[in-house]
Amino acid sequence: MAENSSLVRSTPAAMAARLKRRYAAETRFRLAGITAIALALGFLATLIFTIFSNGLTAFVQTSVKVEVAFDPEVLGIGNDRSPDALAGANYGQVIKESLYKQFPTVEGRSERRELVGLVSSGADITLRKMLAANPALIGTTQSVWLIAGDDIDMAMKGHISRTPGADGNRLTDRQLGWIGDLERQGAIRKGFNTTLFTTGDSREPELAGLWGAVVGSFFSLSITLIVCFPLGVATAVYLEEFAPKNKWTDIIEVNINNLAAVPSVVFGLLGLAIFLNFFGMPRSAPLVGGLVLALISLPTIIIAGRAALKAVPPSIREAALGLGASKQQMVTDHVLPLAMPGILTGTILGMAHALGETAPLLMIGMVAFIVDIPASPMDPAAVLPVQVYLWADSPERAFVERTSAAIMVLLFFLGMMNLAAILLRKKFERRW
Amino acid sequence: MNKSLAVAAVALATVAFAGAAQARDQIRIVGSSTVYPFTTAVAEQFGKAGKFKTPVVESTGTGGGFKLFCAGVGPDHPDLTNASRAIKKSEFETCAKNGVADVVEMKVGYDGIVLAASKKAKHMDITRQQMFLALAKDVPQGGKLVPNPYTMWNQIDPKLPAAKIEVLGPPPTSGTRDAFVELVMEAAAETFPELKELKKSDEKAFKKAYSSVREDGGYVEAGENDNLIVQKLDANPNAFGIFGYSFLDQNSDKLQGSMVDGVAPTFDNIAASKYPVSRPLFVYAKKAHVGQIPGIKEYLAEYTSEKAWGKTGYLADKGLIPMPDSERKEWAAKINGLEALKM
Amino acid sequence: MTAQTAAASLADRRLAKVSSRDVNVFYGEKHALKHVDLDIRANEVTALIGPSGCGKSTYLRCINRMNDLIENCQVTGSLSLDGDDVYDKKVDVVQLRARVGMVFQKPNPFPKSIYDNVAYGPRIHGMARDQAELDEVVMSSLERAGLLAEVKDRLEEPGTGLSGGQQQRLCIARAIAVSPEVILMDEPCSALDPIATAKVEELIDELRENFTIVIVTHSMQQAARVSQRTAFFHLGELVEVGDTEQIFTNPQHPLTQGYITGRFG
């Protein structure tokens, strides 16, 4: 009868208590897991929020509209319209004169200096480009939007107080007044900060950009990829498929695993000793940076490659060999293509890691103030994480937001690379 | 795959040796992180003129810069080095030993080291002696050295604030720390009779006494990133920070500098040498590289121009305290004449 | 030498495609195969039967030297294909395996298209001069494996997308494509359902016209169905070999008798 079955009869009290404890333990364990995830996500959210809230304003740049009079006398070129003359003309003076005209009540040396401070010291480049493109503008007066000085930019974004009379303010009350005037005239506006993405480093925050670092990172990672992908894959294939299993290969395997855990700055020292001192390669060049990063990434790729090769089932290998394929044909035609998704994922993750490396590059001189955009991997260059570090150390207020913006750009590239790795893996996932 | 690997290897080797052979056409500067903002500003202006490539400036620290600078002559070695202190005799001798015979010394201006706090805190007026008592590991009391017993500022002097002693400052690797120890701690130590005695009897112990900073939490090594110290001071009005004048200048709306020995850390006071915690900043150049690497003479000319290091020059805007007019003229002549340093 | 092989006449030896004399196999210390003398006749299906672990697969893998892949495996004695010693130092294993093909227990088509699966062997051995010849080899192999009708519209699809039985027939087609002389089959139907098994057995029967087939099987009924000669292995030794009908109706050795009647297995 059902009522008498041992399952239905009420369990003894001890059993019930034990069950209760088990369920309680399970609930606690689950709660612990959820709490851990919540904490981790909380930290991540805080990090992202802090960086984004600090850095978002850096993507916007204040400009000031100035009625620029391209007076050839002020430019100092007279009747000369040759490209050399135009390049060497005194655009700074043109800006100054135009500003004096726009604010005719301003007199006195210090007042005038404050007025000129409204506009960036690098605004003359804008004018030089304008004239180089269209020399016919000489003699005319144009409305030009010029990049504002970094303190003006900070005030417009609210990072510097705009209340007159504040003690210790970087902007004088006069300058605050002029900002107000410009606003009323509609002669000051905020636009997308293209400078951040088109120029190299600068001491003036409003002129500083990430492009030099982006190109430097690109060159470095290209060199890294070219060197460590073939080398890493070939090593993994040799160690996994061809090397005899003896004491020597065991030692090599242990050493490779250990190399993956060596602090990356040690590779920087190695790069300094070998690439710079022995080979005499150019200092601060992405060529050397790329080679050092390749040394760092190599163990990762070898280990990932070996794991991917090990995962190819022996049945495929036997089938190939049974048909009369030589060992090399078996590896090249069957094993390697099947292991390639795993190898590629490992490579991309290794590259993403290398993108963020800074310490080893310190030893080879890539932590430096470099203004020019590198034209080849042999020109001195910085990389993105280095640019973050350098800007973080600068006192100018406007660099604070730009540091966060640089971090955002770096995270963006890292995110893209990780996404590529995930997509690749999904695409090539095979079921045996 | 073997063939392409061999080709790649040969290409790499070619490039490596080719890189060695090519002569450098860009000025290379290394050295102090304190002088870095100024040297880089000059480098940028110099490059903007368009005649030469913008110099590459690395921030390696004063000591590290001298090591690289004095390693030899040639395109593999830097042309100039920044220094937040004068070159030591030992470093000068190393230079001479490695063939760096003619070194041009350039004094470019002054830097002030300030003790700053949030504007929300009460303004402080402190003496160097009191700073020593607040920060040293061992302080003189009753004739001998005892571990620092002071935990509050007003225990040292009732006029100082009634707050816990908490100072964020540079680590021992920093040149700013070296300068602070020399200008404040050493100078103050010599005013205590116990330590004056110690100096006479045991020079080494005296050095240890003035350069050891307390490690019980009163002095916190806040790393090399001064922006971080600024942020922390903004958040904690009771704490003080030790850093260069340029950071105070850039954050004058949030921070205030304490008066030291009755003098406020302002641009004018430091320029007039009235503020006691200030030090000269230097750049050193290799005469041998002039002519070998294009643009060095012109770079020096830019650095010594009035629009750069003058009272209203762009370096002053960045926080460099310029030398008095006569001193500037004197140094400009020495530098542009490439006068070699004699030690 | 067993009684059987002592009585092997010269005539028998002339028919032998694969001939073994005193073949021993050692896995390290373990003596896995002991003193095997066996002749495989041309254009016949020879079945190797016996309980688990008796050494039949080991013997099979000696013939195409797949045992070389196993570390610590030592083979002694003489094993010859058409009179040429297979284990001679000068023998090119790659060539040997083109002459002696293998089909495995679990179907293992390459993760490539059906066409590429079959074409792989001829490609690496340079057996086709141009694309047209290669097409022909692939088509005829698929036809002889009895698979062409089912896959001729989807040759570009992956081989792994076929059913178990079709995959095994694909593997057979792949093995045939290199025109081997001997095909070794290691329990080819053990992973297949009865209908697929029947198809493969039918195929084996057709193939023996052009190939010599050695099949290891766990199923005595299968051995009885497909083979002309049967060899019974037990604990690493070749106990008895003879015509299939004779082995199953009138075994000479008591062990053979015991295995056939199911007293042990």
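In order of appearance the chains are A, B and C, and numbering begins at 1 in each one.
In the analysis below, a contact is a pair of C-beta atoms (placed from the backbone, for glycine too) under 8 Å apart; a residue touches a chain by one contact, two chains touch by 3 or more.
Since this is a predicted model, take the numbers as computed values, not measurements.
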{"item": "Chain nearest the overall C-alpha centroid of the shown protein atoms", "value": "A"}
{"item": "Maximum centroid distance from chain A, chain identifier (CA atoms)", "value": "C"}
{"item": "Inter-chain centre distance, chain B versus chain C - centres from mean C-alpha coordinates, in Å", "value": "83"}
{"item": "Mean-CA-position distance for chain B and chain A (Å)", "value": "29"}
{"item": "Length of the line joining the C-alpha centres of chain A and chain C, rounded to whole Å", "value": "60"}
{"item": "Chain A - residues contacting chain C, complex", "value": "245, 315-316, 318-326, 329, 333-334, 338, 430-432"}
{"item": "Of chain A, residues touching chain B in the complex", "value": "87-88, 113, 121-122, 125, 160-161, 166-170, 202-204, 226-227, 230-231, 234, 275-276, 279-285, 287, 365, 367-372, 378, 380, 390, 392-397, 400"}
{"item": "For the chain C and chain A complex, residues of the former touching the latter", "value": "64, 66, 69, 71, 94-98, 101-102, 104, 106, 108-111, 120-121, 124-125, 160, 171, 174-175, 178"}
{"item": "Touch list for chain B against partner chain A, complex", "value": "1, 4-5, 8, 12, 15-17, 19-20, 22, 24, 26, 28, 33, 36-37, 40-41, 43-44, 47-48, 50, 53-54, 56-59, 76, 119, 224-227, 246-247, 249-256, 312, 314, 318-319"}
